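For reference, chains read A, B and C in written order, and residue numbers begin at 1 within each chain.
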């Protein structure tokens, strides 16, 4: 248990040691960014849009009881920008990206591809781990921007359908309900989420046990662990932000 | 059965690998008890042994993938255990490692696989020079037509050749082959054996070939060493090694040629 | 470096660029909307009680948002010093004699500060000025007044009912009394009193309607009621009394109608009195007043019904009535069956 913790610590520490020093694997980073960011966009956009619609629709009745459906845009805004946008993006990405990183690195470990890089005097950590963690850390926030926008548009569609609110009013209320702190917090959170997804996937894959079973296990545990950590981080960030907001 | 014609270029005055008293254990399980090994320049040394006797561990220690518990491991004049990361990387460029499963990078084409070590270590090279070198090594392994294929599209034998080509591209002085013929049909085995000998002649490499395949051992080994109980029990030419009363060595020979 | 790689780099570039555009647009919209980068001047106001006002709440002037609350500090013995930031462009419209009032944005929304009043004669506010503050009306006090009104109303209507009942029961006596001129005068006086009483009722109901209309306006009062359970139970009690009062009033008017019916009967000795025009007018206006008063009650009840706070109460009552009706129906059914 403690050995595992020490190994996790060493693994993360190695990232910070290696990320700033050359050689930089630009080509691989771009490739991973493409995989993580661009290729996830359709899935995440559709999901975000649906969540925007569903969340808005499901929130309406409770506001209707107070005759306060005009507060709907503000409610959606706070919910999506503060929590749903970053979290949903991260969860979908951990399912799509985290598992594939775990599986890919796991199979590379099992078929000795990582050793092959090592003996060809290429730093496999830099080539595989740093590039992937960088890609998730940069792309998850970018995806979060898209998800948030698309979710808000989904919310707008639903509000427009039932309350005939114009898009200008809708977005006015959306921005009225949030503060700079919300945007900063969400951005920081999504960076953290991206880092977590990449790190967990790489760690599980990099230290995957031998055999095909090891690959499956690496893919599976990277998703489960990443999702668990995402929620823990969400909780911690929420507490920190509330503490800041309170001051 | 093909017999190895001893390579005339072997220089027994130069030891490229020199190992004394190598010991390696995983937890309680002692794999290598005290291995002494010399590899002379230009020589093909075959290490025989049953599965789990620590053959792979031995070459992984030589290439620095694993570290020895005790003992001296000297490769090309450098002690592998006690050099910096940078020195180790420089040393590794001189060692070619052919993995049991070829270990081709699945996400890259054959060309990208071959380029992979090149672009990182020969930065001064122009693209034309690189392409030319790739063609040369692909010619050497006889797979020029596969340049734009993905590893998944290749057969086991082809993968093995590309794996060897990838290590050759950096012009190594030492080649380490991990089970080069495992899982291949007899004809492909012979092709691979021939390739190993060709590489030895053409690129003037010194090689350690890990195998439990006696056909292969006889075909490529200038010298054969038998690993038993974590030590080299028998050493010499192929015939010398099996000219013994040791039951286990006899058994190893008999079971290999049972058919 | 194949063309595939270049294409990929370009796509990733566009992808990241668009994400940044979304973020930057968001930030600038937010900044523009929340007036982060506009010069402000600060004003101060001292309140006795800010009722949950927080830094960041909006400041309104003539229905336009002109700034936010910057800081809230305790001040003096138990007062609160509120510092507000106001856009520079709003400065030229606010005079020194303007007053600040605490208000609410909606039923369940945030508190805010409304600046109003101010006349041309006074000079314009300067940075750091302190303007007058008006403290919000205390809900408890309002409730108290309402309850006193209710009690009075109930007492009056009970008295009236008693009086008219007596009038009705003592038919012979009334007839006898009415022959007596002195007594007739007395009766007239009584009726005058009645008129007075019903006018009082109108006054009371007007008071009530003002209160309920206040309830209906989106303001702090309703909010207070919502969060204050004591206040809510008081309102409930008031409603019960109101109900009683309306029942009484209804009985009263019925009785009066009956009396007037009898009075209209030519055979009745009272008819004589009707020759007195003034008396007839009085009687009529009394009745009218009473009618208006009951109408007002109805309106009040309706107003209260439409107020969401009391919705539950009325829903319960409607259910009870329905239950009673059902019970009645069942009883009738049973009776019919017994007969058969």
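Observations on the model:
Here is the rule we go by: a residue touches a chain if its C-beta (ideal position, glycine included) is under 8 Å from a C-beta of that chain, and two chains touch if they have at least 3 such contacts.
Which protein is which chain? UniProt says A = Phospholipid/cholesterol/gamma-HCH transport system permease protein.
Just so we're clear, the structure is a prediction, and the values are computed from it rather than from any experiment.
Counting hops only between chains that touch, subunit B reaches subunit C in a minimum of 2. The chain with its CA mean position farthest from that of subunit B is C. In terms of Cα centroid distance from the overall Cα mean, chain A ranks first. The two chains most heavily joined by C-beta contacts are A-C.
Averaging Cα coordinates per chain places subunit B and subunit C 93 Å apart. Centre-to-centre spacing of subunit A and subunit C amounts to 50 Å, using the average Cα coordinate of each chain. If each chain is reduced to the centroid of its CA atoms, subunit A and subunit B end up 43 Å from each other.
If you check the complex, the residues on subunit B that touch subunit A are 60, 63-65, 88-90, 92-93, 95, 97, 99-101, 103-107, 116-117, 120-121, 166-167, 170.
Interface of subunit C with subunit A (complex): residues 1, 5, 8-9, 11-12, 15-16, 18-20, 22-23, 26-27, 29-31, 33-34, 36, 56, 106-109, 308.
Subunit A contributes residues 23, 104, 107-108, 111-113, 115-122 to its touches with subunit B in the complex.
In the complex of the two chains, the subunit A residues touching subunit C come out as 27, 30-31, 33-34, 37-38, 41, 66-68, 70-71, 138, 141-143, 145-146, 148-149, 171-172, 175-176, 178-180, 183, 187.
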